[in-house]
């Protein structure tokens, strides 16, 4: 029951200093009504991926390969990347909506919240009379816990949490099939963040849309997502059900990430850091991009690029253990970073 | 990455700088000398023709470049120095001094510069190159000061300045070693813009007959060309070169500014779409077609 | 209205500064207007008449403070003194006669250049990467071309050579001022070339300014989001990107007004347009200090007023200041 | 467990007159009451954490302690002696004792100066070097202390040639160059990638251990405070509300806000997500609620909470809290 | 529109066409027709609307024509002037013109010294009869006759006595002249002929139009044939104005003043006559006239007397004197003077807005370099130049001296010992600071007499001093600019018939010219 199938998607940034392979041969499935978490460090290509799905990339970004197949409820699959202008406009927001990282920045500072919701309704549902549209907008705001009187407010008159909710309200306006959320809560404090996560789950249950939830905060993903994809240097290195990934990560990078998070509850655990620094995307290490930082790297890792192989509960791209990856021993290790 | 704009800008400027520095040494001769045939078009003897009094226009353009660029650079140096003093010091120390300086800056900013220059120059007893430069600088520093102050206000709260302060650096050292280098691109753009404005102002003043007309500059050439109705008598070779030189220098400086801006703010770069992307990814490009007034 | 009140306070302060500057400059500089007048008339005035004339010109020996207070008092009554060139015409009368022309010409041309420049800037930014980028180097060139040079070139090409447009004066010899068709069309016809000059010479700034802000704005999340919403590109371009990019441009536009006015002074001179620029030149040529000062004062105040208008526009266009106001 | 108190803030209060933002009815902008009545002591060789949500005034406390700006009221004591001078040699001495590390290593190093310059300046200002050779040696030594080896390779780099973690190390080395007794680290890792945060935190921990530095670790991530600090102080809307040893505080929070904070923090180990809904948002510091500043969001607020500020209640073991549910409330 | 031939509006079919006049450079006009005000505000008040008592032709010294006065008579050693007035003249409002008007005009000057720009030493007036008036002066005023009768427009008492003449702008002028103001706007004013003018049948030109042109715009105006009569400096008159039609597009630039090179005689080197002689011999005036003055004028007579027309005033022994360049002789004279060559280094100060002088200074610099005198030309602001030259703090300068009804006025301004103020004190003539008993005696002689022959003798004496002692170095005559087209009207003044100054900005001459015009083809 996939609603979106990303196949071999690659995006490059052409820059004078060299080509940045920001998204490199990424294949992912999004199932109807699920929350797919995408985790990865800064610069690993998460936002680029999100923009590519909405076909929002700007120069110097170039899609160099792959397809994004969208399965409409009734009909067959269409490749989002091949849609013509009119079809693209219809696809956008009606089928796929996007919530960006910073709500302040994704709301037009000079028009009211109401107008920004109305904008969408007017374009996509032309026959709707004005009055109905206003009612609809008010209803949407109420859904996300904002009073209808805020329709006439400008973004700067709302608090950070309210703005984020307003953006979500706009995303819900056309009842899309997919909502991509690119770090929607990073700018908020934990308590407010918690509120909004709760909201998202509730709305998802109500409307049944699928969510691609992007963040660098792995522990957050563990809580909210159904499945998780971990990206490193433009590639997906591991996917799996959230609980499974948490319990038994198979890629050394996933493990590293998990072990470098201090835990709030339970006994104090030895923390494990990942040595080295994230790679330069313009000159990726050969073979497995992670091998220079990997504690369990094999000789082949530096020459053979691992492929994403299905395994129990998900996929992993690692040469260890016949390409299914193994958990690295969890004992105390010496600190090797600089 | 060196942008082509900076390169072309530099090329133009280098050409004129060389002209100003070495031109008069190579093309010796008195640019005011009235030897030749009057109002002769370009010829082998006078490459750019002659004026109504038989002065060689090429000679005037070359010698005039020294004065015009000199006034431009001199007044830009003065104006930039003032704007650094006002903008950086005021911005860094804040308080009453800054308030006062910033009001002063804003006043000079809204006062129309050219009319003020005209009025000031009208009173000027000596209209030598230096005094004209000073008058132009007196009205041209405010823009830079404002930009620099705004920059300084934001930079002085930046962590590295706080860190320097916490490390025990003295205020003047912070201003000149920590803040100034960071603002160099801004200073450079404001300097270049001031040079253009100053050259234009000098030309305007000369054109009105308010600069020293016994000194040959591009502005005074235009004055005499206008005075001699160069265009009415068809002497385009008298009218075009000085104006074109001014515009070219300005374009050179403008291009450099453009380049610097692009380096400081990469978003401004003009981008070439890759020749044959497998897929068109440029959202902007693909929708551009339906844009219309 | 607090924002506006503060701006108003600032403009009052600036106006005071302009007034005081005006008072100080001639007193800091050497020269005596009557001596100059005598020299100008090449001795047609007998030296014996000079003292009486000085008194008539209002040159007094009172203390500087007293002079300053008198000056301020006179200004409050709208008295700018008497012109020397056109003695005994009041400077205020002279200005009243020429200011409408300047306001008409410069006002319309500036507005036009602003609208056109903004429009082109938006388009150039929007079509970044297309051939339109080639416009940019041309604009840097236009930016640096002296106003009067453009004016002279236009005069030569369209006035003298092609004879498409009149090249001097504000209206034809065949009409007398009245609110009738022939007069108005004659005024428009005569204003065409000067207005084109101002538009050409000042538009480059607007294009560049708008383009740069617009390009930055296009990268903002709300523009990307607008696009993601599936809006038409026209709507994204104008309602989202341009609408926001215009804001910082209003301020820079207001500040550049002084520059445009300065340039149009030169333009007027080339076209012998009967505006304040020609008068300023007249004043300067004749060292007519009361006239020069009066005109400078009026230009300053006009630019201040335009700035205030721009501030108002800003308040109207930017809800963030509106709320505060 | 820990040494003597080196730096202490007593009843620190800081009001800002905001440069922008709405004004009050009379045209005067109300002050932002960023920090109110904060008392905090740092001990040699120990790490104290200051935890709170964004905008609650953590950085302001750090800057008050570092005397970047003066407190509106209250005083700062260095080894028991109040600090008064804000310029001159007396103040320079204070600078030598107390150093700051900033949140963002990308912003705290001047992009125009090389690593060597960044480290040599404080050495010179505070007269720690006698000769050029001595200087080079000390710079090398500093780099080694923060594990930026090989030293020669890093000495002449510009900040943009370094990764985030490396930059933060340079910033730490710069602070160390002064040979301070107190290090105030304002969210030193929040801008760093997850995978390299740990290394920097370990470094700081080691320095406190080895050199007997008093370290104030400011963070919004209470989990990391649990791991790296002996003591945790929780801040809410400009006031300190609870303090206690890290382990105890995180496992048995006393103040309702601390409990809220802990339950809101993401934790994959949790069996089921907590049910907290619409607790409202942090208050505006320009117009904070009266009484206990937390009462509008508090699930267990008492009538008294909205009227009077709760007093400090000592809970033993170095723990205290300010809540009407404890002590005399 | 403005292109093509000027529009013929206002001229009834078959009627004579209007005359389009550019008199003075102006972006716009001020509505001021008060003839007490300085000339050059709006041309036409004096002459066309208000008339003078006599017309004195500066181009023919000694020639005068009765105008509002039919005769004048001096008495009391030049302290009393009795005028006989023309009868039957009417103001355009119908009121008759009488002696009261003349008396009122001069009383006003006495009452408002700031209007008395000629500094007439007025004591009072007496109306002797409706057509006879006597004006009394405090001192001998023979030499001021021109300022009394020649260029003092007479105003109507019944209208002016109600106003303050200093500030009154007189928007509806009522005069005795051939024209009346018919419409005014800041860009164009128009005059219509006075149907009841006292010279019967005149004027012929029915309408005068004065459009506003700046110095710049008048060039295109002339080029495009919009203007019939102009007084403009045109840089290349053949190309811009004549355009190959010398028959209709005519010009005439008679002298109206003298431009000279001043050497500051308080400098030791210039105090030596040999040095001054040497400089005079080195300066190539022909080249200056040709290059800097574009051949629009002529080299001055060494005596400073304005030519042609001034023959009677030329010193007989130097009648045929003329300048020629002689570098060898100049060098020799320099040697004789005994001045060290190191002392021969000077600054030549010129007002930088006067571009022809700037060019002339450049040429002089080149010429003097040939005899070893180093000259640095410096262009300064007008007021700075005025103040430096007035105070005598300069080395060399170029300056013009106005002409007058006889050459006396020029020579007195150049040489009057009374004007030789010490260096540092501002003066209004004799900037070179020439002090010579003989000179001052000749000046006194001239002012003390009404006798033309005696006056001529005095001027000849001054001319002789000019030629022999070279207190200043005359260069060329400053031209009076006049361009006129003969396609509509003929009868303009010319070299052959210099009956009045031809430029439209000279009053009352311009009115005299208009009265001479007749339709082309007659």
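When the chains are written out, they are named A, B, C, D and E in that same order, and each has its own residue count from 1.
The rule we apply is simple: a residue touches a chain if its C-beta (ideal position, glycine included) is under 8 Å from a C-beta of that chain, and two chains touch if they have at least 3 such contacts.
Composition by chain, UniProt nomenclature: A, D = Peptide/nickel transport system ATP-binding protein; B, C = Peptide/nickel transport system permease protein.
Note that the structure is a prediction, hence the values are computed from the model and not measured.
Least step count on the touch graph, chain A to chain E: 2. Looking at C-E and B-E, the interface holding more C-beta pairs in contact is that of C-E.
Separating the centre of chain A from that of chain B, both taken as means of CA atoms, is a distance of 49 Å. For this pair, chain A with chain D, the centres built from the Cα atoms lie 32 Å apart.
Look at where the CA atoms of chain B average out and do the same for chain C: the two points lie 21 Å apart.
Touching of two or more other chains is recorded for no residue of chain D. Chain contacts: chain C has residues 30-31, 128-129, 155, 160, 218-219, 227, 232, 269, 281, 285, 287, 323 touching two or more partner chains.
Chain contacts: chain E has residues 216, 220, 223, 353, 383-384, 387 touching two or more partner chains. By the touch criterion stated above, chain B contacts chain D in their complex at residues 158-160, 162-169, 178, 181-182.
Taken in their complex, chain C has these residues touching chain A: 128-129, 218-222, 224-232, 235, 239-240, 243-244, 247, 317-320, 323.
Interface residues of chain D, counted against chain A in their complex, comprise 53-55, 147-149, 163-166, 193-199, 202, 220-224, 226-228, 247, 250-251, 260-270, 273-274, 276-279, 281-282. Touching chain C in their complex are the following residues of chain B: 5, 8, 103, 106-107, 109-120, 122-125, 143, 196-197, 199-200, 203-204, 207-210, 222, 226, 231-232, 239, 243, 246-251, 253-255, 257-258, 261, 265, 267-268, 270-273, 282-285, 287-288, 290-293.
Partner chain E is touched in their complex by these residues of chain B: 32-34, 38-39, 52-54, 122, 124-127, 209-215, 223-224, 226-229, 232-234.
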